[in-house]
Each structure stands twice: as structure tokens, then as C-alpha cells.
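This is the structure, below, for whatever I ask next.
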Amino acid sequence: MSAADVPLPDPGEREITYVAAFIEAVKLEMAADPDVFIAGEDVGAHGGVFHTFDGVQTQFGERRAVDTPISEQAIIGLGIGAAVTGLRPIVDLMFMDFVLVAADQIANQAAKLKYMFGGQAKLPLTITTVGGAGLSAAAQHSQSLEALFCHIPGIKVVFPSNPYDVKGLMAASVREDNPVLFVLHKRMLGQRGAVPVERYEIPLGQARISRPGSDVTLVSWGKTAADSLVAAEQLAGEGIDVEVVDLRTLSPLDIGTVVESVRRTNRVVVAHEAVRFGGFGAEVAAQIQEEAFDYLDAPVGRVAAPFSPVPFTPALETRYVPDPARIAAGVRAAVARPLLGR
Amino acid sequence: MELTDEQLLAMHRSMIRIRLFEETAGKVMETGKMPGFLHLYVGQEAVAVGVCEALRVDDYITSTHRGHGHLVAKGGDLRRMMAELMGKATGYCGGKGGSMHINDLSLGMLGANGIVGAGAPIAVGAGFRNKYLGTDQVSVAFFGDASTNIGAFHEAANMACALHLPVVFVCEHNMYGEYTPTNKAMVIADIVDRAAGYGMPGVIVDGMDVVAVHEAATEAVARARRGEGPSLVECKTYRYFNHHGIQNLGLKYRPDDEVLAWKERDPIFTFEAKLIDTGVASRELLDATWAEIHAAIDEALQFADDSPFPAEDQMLAGVYS
Amino acid sequence: MSAADVPLPDPGEREITYVAAFIEAVKLEMAADPDVFIAGEDVGAHGGVFHTFDGVQTQFGERRAVDTPISEQAIIGLGIGAAVTGLRPIVDLMFMDFVLVAADQIANQAAKLKYMFGGQAKLPLTITTVGGAGLSAAAQHSQSLEALFCHIPGIKVVFPSNPYDVKGLMAASVREDNPVLFVLHKRMLGQRGAVPVERYEIPLGQARISRPGSDVTLVSWGKTAADSLVAAEQLAGEGIDVEVVDLRTLSPLDIGTVVESVRRTNRVVVAHEAVRFGGFGAEVAAQIQEEAFDYLDAPVGRVAAPFSPVPFTPALETRYVPDPARIAAGVRAAVARPLLGR
Amino acid sequence: MELTDEQLLAMHRSMIRIRLFEETAGKVMETGKMPGFLHLYVGQEAVAVGVCEALRVDDYITSTHRGHGHLVAKGGDLRRMMAELMGKATGYCGGKGGSMHINDLSLGMLGANGIVGAGAPIAVGAGFRNKYLGTDQVSVAFFGDASTNIGAFHEAANMACALHLPVVFVCEHNMYGEYTPTNKAMVIADIVDRAAGYGMPGVIVDGMDVVAVHEAATEAVARARRGEGPSLVECKTYRYFNHHGIQNLGLKYRPDDEVLAWKERDPIFTFEAKLIDTGVASRELLDATWAEIHAAIDEALQFADDSPFPAEDQMLAGVYS
């Protein structure tokens, strides 16, 4: 039975937040496996500046919930050294923007270690971080940089859009024997959703059709996948039946689910929060047109941020981040596009 | 070098400008009218002011996430600052930078910075420029105690020493990095212990005493101007508010009595007592300064309030020249 | 008269190497402008480990050709601080892989400074580096990481394929008032080509049709653009007339030249040395299908490295890097692709 | 603690293993049969050997671009090493890593590293693991003098101290970073001057004297095992060859007489003289060791030569588990 065949638990009726789902996953993994620990800036006594580790130190003590100095490179290095010698670390980078400070340790060390070692090592390392804009945190605290690490072989990239996925994907990330970059979106932390009480895993590398539809496919991830559902509802009112594909894991990419959908709908838009130019949407678009070329009635559309750093002022930031209205506009354009436009 | 009464009063005024700017910004933030995160400088005024009063307008500084105080002390325009914090088009960055990226190149203030430690290498670059051009300008890197644990600080400190650049490293040791007591993040008590590892002199100074800071900074700056290389000035200080926002007491990561004990040594009030004691100023004069700056801040706030937000067509302006 | 209208000098008859063209550009800019200097590891007395700065210190002295400590973050920071205060620095990162060590200073500081400052600053900073595989330098000394910085607004990315372009693009990069990441390919350094003696600039953001053709468009840059010409010659022998577009500058991207070509040829392949997944080829492909959808008779093809770190052993490395044969195979596949493949 | 004759002879043997392995690899490289860059360890043998003889098999080490010596000293298999350097399927990394990524997890050797300074944080992680599990294992970070200017080193050193981890930092001060004399890249002469900035003890030792290195390392390792935290051992040493490859004299960045003066103090030959002087070994015995290891290296080379290259289908193997 492959991971894909494991039935997922029913969400049930209990609703908790995105961040609570994350904490629940962390605590369950720590309870189940004494080799799992967390380390990072202010993750211990303070529970994380976004409260993503609230109560972890209370429950598991200082040995397993470690406050580190402000040293992003050494935080990742600590994770690598501990993972390759047998532990299963969760190391945290407070803001996703700080991946750039630790990029060597993530991309040159963690991602490549196993390959450089001829495949013999195991590196069960989960790097958690909080990305995205929307809090007027300006250019260095608001980025969505997932595309950078999707381009790096040897690390997986996960970006969930709802509490149910957060819990199941985090469990799978911690149990994964490869490095994983696990991204939470800072504007989603308080979003509520139904989440099973028990432990469960959502296999990495499996997209989900979060809304079936027949007119057009809308592919996204993270907060944008949540906003895509809102956009789809709007469009339903206009008579456009949108199928929403939530990638959940970006690397490895479940292109199969996307292509299967596009072959049915013949039109597709990829939406994400990162800047469009060089974003991961380009890879998704490139693969769709490679694999579903003859099924496309319109070019693969993209909705994403403009090519600028994230502006501070809400006056611009709210227009910078793709919202349901802009996503819907992108979908409308794809649907309206005549079959032959020459 | 004795300070003139004029200089002393200028420092007093500058500290009050910071204090009232920050308290006001904090209050506005609480009303929800100010977006983003505010890392306030209240409590540390003597550092920015003591150092910047030792600088010329054409000297450079780089700053941190806690950067308003440095810009005010370097002569920043309170109106454009307040407008920036409110995301307005009239702000220093046209609303695009906000609190963490506030700057004024014309005053040599090369920017607050959202990345811990990242300003120091930039100060080194400005120092390089000064030496390269053979000017006697200096550059100052401000940074916090906890920031000295990050690689960029280390590289900057060593680079400045290796290239013998006119850079002064000013550490504001307020005992915390966010919610972590610095003594949990490093085993040394004093940042100056790191100076020897780069081969530069370091001095510890009472960061609540603006005159002491000024004296130490003056010496370090003079040394740099003379072409004798970098040095480090460590100022023991304290932030009154939370890491960001204005919450003050009742925070679980630091004891209230610690906060209160530091407030006893308030850089402005202790300085005022001295000014009065030594006959430099009367209470009335000092009060007049408070009133005057209160008015200036009110005006700045009004200016910010009245200013428009940037238009949407400004989105892509300034990404490239 | 826009930059695009400035006529470029005739290459003439003098042949010099790719690296000599680079040095010539550096020296000419330094001679013309006292604010230009170079700094980096071993760039001074040693002239650079790839000899990319040979003779610069001899000619301009230690003041203007500065050996730095091994401190990539501070090297970039030095460039930023010097540039924003009025100089025009060229700072060097020995291997392109080391951009990851300095990624914060490049992407969070240099690229964003101007925008965060409300557009008022000028940041004439050129970051030079040497990328690419082919010397058995293994996973941490062989990468092509240009895609990472194409995704970052505020920095330009240049990757020339021949000596003529190296000289003209380097001149333009140094004169540019924005940060530029200028990438040389380590396997191209000794390649010879005709280069004018005089100073000239090739405007950034202009692709070049390096071989006109009518059957299929082949888009690439860097060493792969040179290899693409070889592949095109091979294919010419088979009766396939390939138009080769050499992007030269990746960001900003001259998509116009590419699309214009594709509208004529109706088939296109993008080739690059970096790993395919999440590579810059994806952005090029995505834009082509967006802008030339109705002209495409086949999906935009991609030829690139497989999704692994660069292997050390020549037995694998030679098969890892796309060579003319693999590029040609990719083009053949695009040409052979039936118009409707459903 | 007196060393037994057996231990002394083991160190002698280990140094010769490194010397001959490196000289052979260098020669093979010159023939064009060995791909890539080779950063040879010749001249520095006393450091790797003195330190690794103070370690157990289950202790961890991280290494640098100049990593062969560390793996040999930790007990590395010469055949698999030579095969790796030649890019063969039988090599330690199946030919995928080469000289700069050679490793043996079963010996606790967590890898050479192509990025200066990047091994140190990984050693800290191994040290964290040891403390976390409550074992008495230690980890050692080897690094060069010039590498201490990079941020990762700094963060690692401070992190180990802040978390009080069983890590020993071993600096091999060979006076150069590539072609730059280290005294141009830092103004301090001794790396131990940096130890105080992290709050750990540091000691300078003659890196050409394997017994001295061993003694210092033994003390540092014992301290770490006892849970007393990190320390730094700085070994003054010298590489005989160029930064990479085997060129020796006539390099423009360092004077020939400097090279020759250091060779006078060769770690193996001076040690041999002592072994003979003190009656631990006869010349014949020592010569027999050379001969034996010569044969082992020849055999390793033969093994490497005879081994196949990895098949193309190995390209993607090992990217992920």
C-alpha cells in the first residue's frame, strides 16, 4: 500500500486554528518520538513570535524546546548535525525572509549532503518558517520565497493552506527522512477549520482538488489556495465552475493531479503570492503546457504579485498581494480568452 | 573636552525629540492607525544622541530594526518620519519602507534595517568609501547586543579592522534580544570582549548617561577620523517598552522590578537633574523644551495624518532607477 | 536615442578570450572612472582564482583592487555601503555557489534598498561571479543559480555567452545604477572570439539573435547559448533551420525578441545548464506560451540539467550538463512533435 | 598522561598514511587521471593525527575543503578514499562527492566541505545531539585560520558556548587563506584571541608537534566529555603545497625560504627523530612502516584504478532517501 492509498481521517467537527493545528502536530510528533526536538529564536520560553510553538516548552521542557542565539546559519547547521547523527530536528526561522541569511546551510549543506555523501546519509530535518505579506511588515518580513528552494534538489517544500493540511503535512514532514522546508502563512495563523484530534499524515507530494469544477482549473498553494476557494465561489455566482487544485507540496510537485484536471477543463490559471517573474507558478505553467498542450484552449494564466519588493504601506500592500478579486479576474480572463487569438 | 551649554542643551532637546516621537508613535499604533511593527527606542535615547552629537552631518550611520532614535538624533525630520510610519506618500520612503527602513541619505543615515546584523557590513562599505576618497568622514554601525551573535556582524567587524577603516561600532546592550535574555544567548557579559578578537579597542560606557556616551563616542570618532581604525563602544542601556509596541510592565520574560530599576536611571530625567544642578538650565527652560517638542510632534502627527497615501501607480516606482 | 538604438561596434578581427574580454572591460571602466574599484577574495595580488582580475592591481594599485577577508556577506555589504555613498563598486564572489552565503546582503539588502528608501537611493553595484559546471568541482562549486536572483526584484542578472558580449555587457553593468549580478561561466573563460579594442556597451535587457533560422527557436544564455550554436549547426546538416536567441540579460528579460521569433518559427525550446525544475527556463516558457499561444505548434520544450546536485565524477557530470547533443535532441523533439498530439 | 609506545607508533603510522596518500593523490592528479581540485594536507599531518588520536570512533568530526587528512586520521579506508578522488563507484560517495565531500559516517566523519566555515555549525549540531542524548561523545570542528573570518564560524562558536555543548574547535593556522596571507585578512596574530569573545578557553599549540597537539586535544576533549563545554585549540602549522595541487616552491604569494623553514620542522621527520632518540623505535621499524604504507597506498590506487565509474542510472540516486 503506497502512502497515497492510506485513507485520511475524516476532519470531524472540531474546529481549531491553522496555528493550533501546527502546534498539535509538533506536540504529537514530539510525544511519539524522543528524538524530535525544536530549536530556534524565541521558540522556547516565548513559544515563538507567531506563537507557533506555544506550550511546547511547557510540555517538553528546555531540553527539547531550545532557545538559540540569533544565528540563522548555526540554527540550520545545528539541525543538520543533529539530523545526520540520528535525531529528528525541527528548526525554526522566525520569518521566511531569513532563509536568505541561512541559504548556504539550507541549499548548499542540508539539501546536498545526502547526495554528496553518495546517498548514504539520512537527513530528517524539518525547517519551519512563516512567510507571506499582509501585516505591513515591509520588504524584509513579508516575502514568499518558496520558488528559490523548489529549484534546489534535495529539499522538499511544503506550503499548506488550511488547518487540516497543516497538521497532516507537518506530521509527514517530521517523519520524512529528507530535509523539508515547511512554510506557514502569517495571515492564515488564526484561520479556523475542522481538524481531527488524532495523529495523521498527509503524504508529501500530493495535491488535492479542494473544489471540483468543470470550466477552468485554478492551481495554487498557501494562503492563495484559500483565497482561490473564495474566488471560485464568486465565480460560481457568475456561472463559471472552477476546479481548485491546492498543491500543498511544491517540491516534489504533483503535476499529475494538475494535468488530469486541465485535460478536463482545458483552461487553467496558476495563482500565488510571490512575485510572478521567476516564481514557482512559472514551473507549474511550463509543465502544464508541456503535458497538456493539446488540451489547452487558452494559455496558462498566472496571477501573482508585481515585480517589486513588498511595500510597507497598506495602501500599496493590499494591492500588491493577489486577493480573491484579482484571482477571479485572472480566471475570468482565461475563460474569456477566445480559442484562437491570432 | 568640556561640552558647552549649547551642546548639552542640544543633547537634551534631541533626547526629548526621540522620547516624544516614540511615545506618540506608540500611542498612535495602539489606536490602530499605524500599520506594521514598531520597535521603540524609549529608554535608549542617550546612546543615539550621545553618539550622533559626536558626528557631523556628513558622517554616515547604519541602524537596526530599532531605528527611529538614530534618525532623530542624526537630525531627521519628524514630519517625514511620522508620515513614513503611517505609510504616507510624504514619508521618508514614500510609505514603502515604514519603521524598519526609515532613512535619510542627505543626513548620512543609511537606513534602519529589518535584518539583524545586516547594517554593519553596509557601515563598513561607507567607511571604505571614506577611506577610498581620503575624506575624514567616519561611519557608525549601531546594533544591539543580541545581534552580535550573527555572522554579518562578525564579518563586518573583522573586515573593518582588516582594511583599517574609519568605522565605529556602537553596541546598545539592553540585555535582551526580543524575548530572550542575552545571557542565555551568549556566555559573555560584555560585548567588548569580542573587540579583541578583531584587534580593535573596545570600551564600556553607561548608556543611560548621555555625556558619558558622548565622551566615548567622541574619542572613537576622533580616532577613526585620524585614520587609526575602528573601535567598539558598548553602551549598557535598557528599552522601556516591549520588543515592539509600548507594553511596559507585566511582560513574562523580564521582571517588572528590573524595568523599574532602570527607569530610575532614566537618561533624560537624570540628565535634567544634572543640568539644573550645574546651573546649565532652569526647570522652566527644560519644560519649555518639552512643550516646544510636544508641539512639533503634534504638528508632525497632523502632517502625517493629513498626508495622502501613495497612489497605486507608485507600486513599481523605485524598484529600479 | 534609446540605448537600443546605439549602434554597436563591429567586432573587428582581434580575437581574445572570454576572460580577457572581462578584464578589458573592468580595466576600461576603472580607467574611465576613479569611483570604480574591485574588491573580493584574492582578486588583488593574485588576480582572482580564475584570473578574472589579472593585472588589475598591477595597473591600479592596492587602493582600487582590494583583497578582502573570506567574508562574503561583508564583501557585498562593502559594495552596498560604498555604492549608496557614491562609489561604483565591483565586488566579486569567487564561485557562484557562494551567492548563497551572501544571499541576505544580495537579495534582502542590495536588491531592496532603493525601493525601501522610496526610490531615492542610487545603487551602482556590480557583483561578479563565476558559475557553471564542467570542472569536476562537485556540488558546491558548480551551480548555475541565476534563477534565484531573477525572482528577486531590484537586481539585474547578466550571463554572457561570448567574449564580445562579456566586454559590452560588463561595461554596461558597471555603468548601471542598479545592482547587477554578472555571471561568467567557468568553462567559457578560455573561449576566444572577436572583440573590439575600444570601449562599448551592450545595453542590459536586450537579447540577440545569434543565428537566424526559420524552423524552430532555441532560447538560451551563458555557455548553453554557445552550445546552442553548435547544436544548431548540427541540426542544419539535418535540414532543421534553427534560430538561436541568446538572452544575454535574464532580468530584465527581453521577451519581445523571443516572442517575435517564436511567432515566425512556431516551435521553441529553452535550454539552460541549471536544473530544469524551477529554473529560469520555466519563466521563459511560461511567458512564451502566454504571449505566443496561438502561434505555437508544439509545447515550449526545455533542455536542462536533471534534478540533482552537480555530481563530482566526470562519468556523471558530463551527462548532467546539457551539451550540444542533448540540446539538439530537445530541438528535434520539438520539431518532430505532431501539431495535435491528443 | 604519558603516551604509550603503541600510541606514539600509531600516530607515526597515521601521519605517514596521510603524507603518502596525499603525495600520491597529488601525483596522480598531475597525470590528469584525477578530476577536480585537490587541497592537500601535507605539512599539517600532526594536527589531524594529534586530534583524532584523542578521539574515539564514536566521536564526530567535521572538516573542510582540505579534508583528506582528517578522514585518514579518523581511520578512513584508503581504498575507498582514493576511489572517491578518482570519481569511482567504489568511492566513499560513489564518485558523487569527490575530494571536497569525502566522509565516513560510520567513523563519525561528517564530511569535508566545499564552503569555508560551513562545517562548524554542523559540528555544533553533532555536539547538540551528544548532549541531548546524554552520551559522552564529543564533536570536533576542524577549520582553517582564514575561515574564522566568515559568519558561520562565528555563529557556531557562539552557539556551542551558549548551549554549553561538547564541541572542540580546532583551528589549523597555516598563515594563508588561498593566496592571501592571513595577516592581511585579520589584524590579530592568533585565533585564540577570538575564544574569549565566545567565553571559551583557547590554547595555542605547535601544530608541527603531534605530541603537543595530542596533549592539548586530549585536554579539550576531556573537558567536553566532562560536560564542561567547548574550547578552542589553535595549531600553528603550514601547508607544504600550493592551495591546491602539489606545486611547492616558486609560488609568488609566499617566499620559498618560508616554505623551507617550515619543512625543517616537518611533523613526521622531527617526530621520527624523537622516537629514535627516546628509544621508542628503530630507524628500521620506522622505515618498515613507510614501506608498508607505501604498499597500502599502491594497493588503494590499484583498487581505485580498477574500479568502475558509476553508471549513468546513478545520476538521481541519493538526491532523496
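Note that the chains take the letters A, B, C and D in the order they are written out, and that residue 1 is the start of every chain.
The rule is simple: contacts are C-beta pairs under 8 Å (C-beta built on N, C-alpha and C of every residue); 3 or more make two chains touch, one makes a residue touch a chain.
Remember, it's a predicted structure, so these values are computed and weren't measured experimentally.
Asks: Could you find the chain whose CA centre sits the greatest distance from that of chain B?
Replies: D
Asks: When the C-alpha atoms of chain A and chain B are each averaged to a single point, how far apart are the two points in Å?
Replies: The answer is 37 Å.
Asks: Between chain B and chain D, tell me the centre distance in angstrom, where each centre is the average of that chain's C-alpha atoms.
Replies: That gives a centre separation of 45 Å.
Asks: Using the average of all C-alpha atoms in each chain as its centre, how far is it in Å between chain B and chain C?
Replies: Once rounded, the distance between the two centres reads 41 Å.
Asks: Give me the residue numbers in chain D that touch at least two other chains, ranges are fine.
Replies: 93, 95-97, 101, 113-115, 149-152, 155, 158-159, 162, 184-186, 319
Asks: Quick check on chain C: which residues sit in contact with 2+ other chains?
Replies: As it turns out, chain C has residues touching two or more other chains at 68-69, 71-73, 97-98, 101, 104, 108, 115-116, 138-140, 153-154, 307-309, 311-312.
Asks: If each chain is a node and each touching pair an edge, is that a line, ring, star, complete or other?
Replies: Drawn as a graph, the chains make a fully connected set, so complete.
Asks: If we count contacts the way the header does, which residues on chain D are in touch with chain C in the complex?
Replies: Against chain C, the touching part of chain D is residues 35-37, 87-88, 93, 95-101, 113-117, 146-147, 149-152, 177-180, 184-186, 253, 309-310, 312, 314-316, 319.
Asks: Provide the residue numbers of chain C that touch chain D in the complex, in ascending order.
Replies: 41-42, 45-46, 49, 67-73, 97-98, 101, 135-141, 306-309, 311-316, 319-320
Asks: Using the touch rule from the top, collect the residues of chain D that touch chain A in their complex.
Replies: For chain D paired with chain A, touching residues are 60, 62, 91-97, 101, 103, 105, 110-111, 113-115, 118, 120-130, 132-133, 139, 151-152, 155-156, 158-159, 162-163, 317-321.
Asks: Which chain D residues qualify as touching chain B in the complex?
Replies: 149-155, 158-159, 161-162, 164, 184-188, 193-200
Asks: What part of chain C is in contact with chain B in the complex they form?
Replies: Per the stated touch rule, the residues are 37, 39, 63, 66, 68-69, 71-87, 89, 104-105, 108-109, 113-123, 153-154, 156, 177-178.
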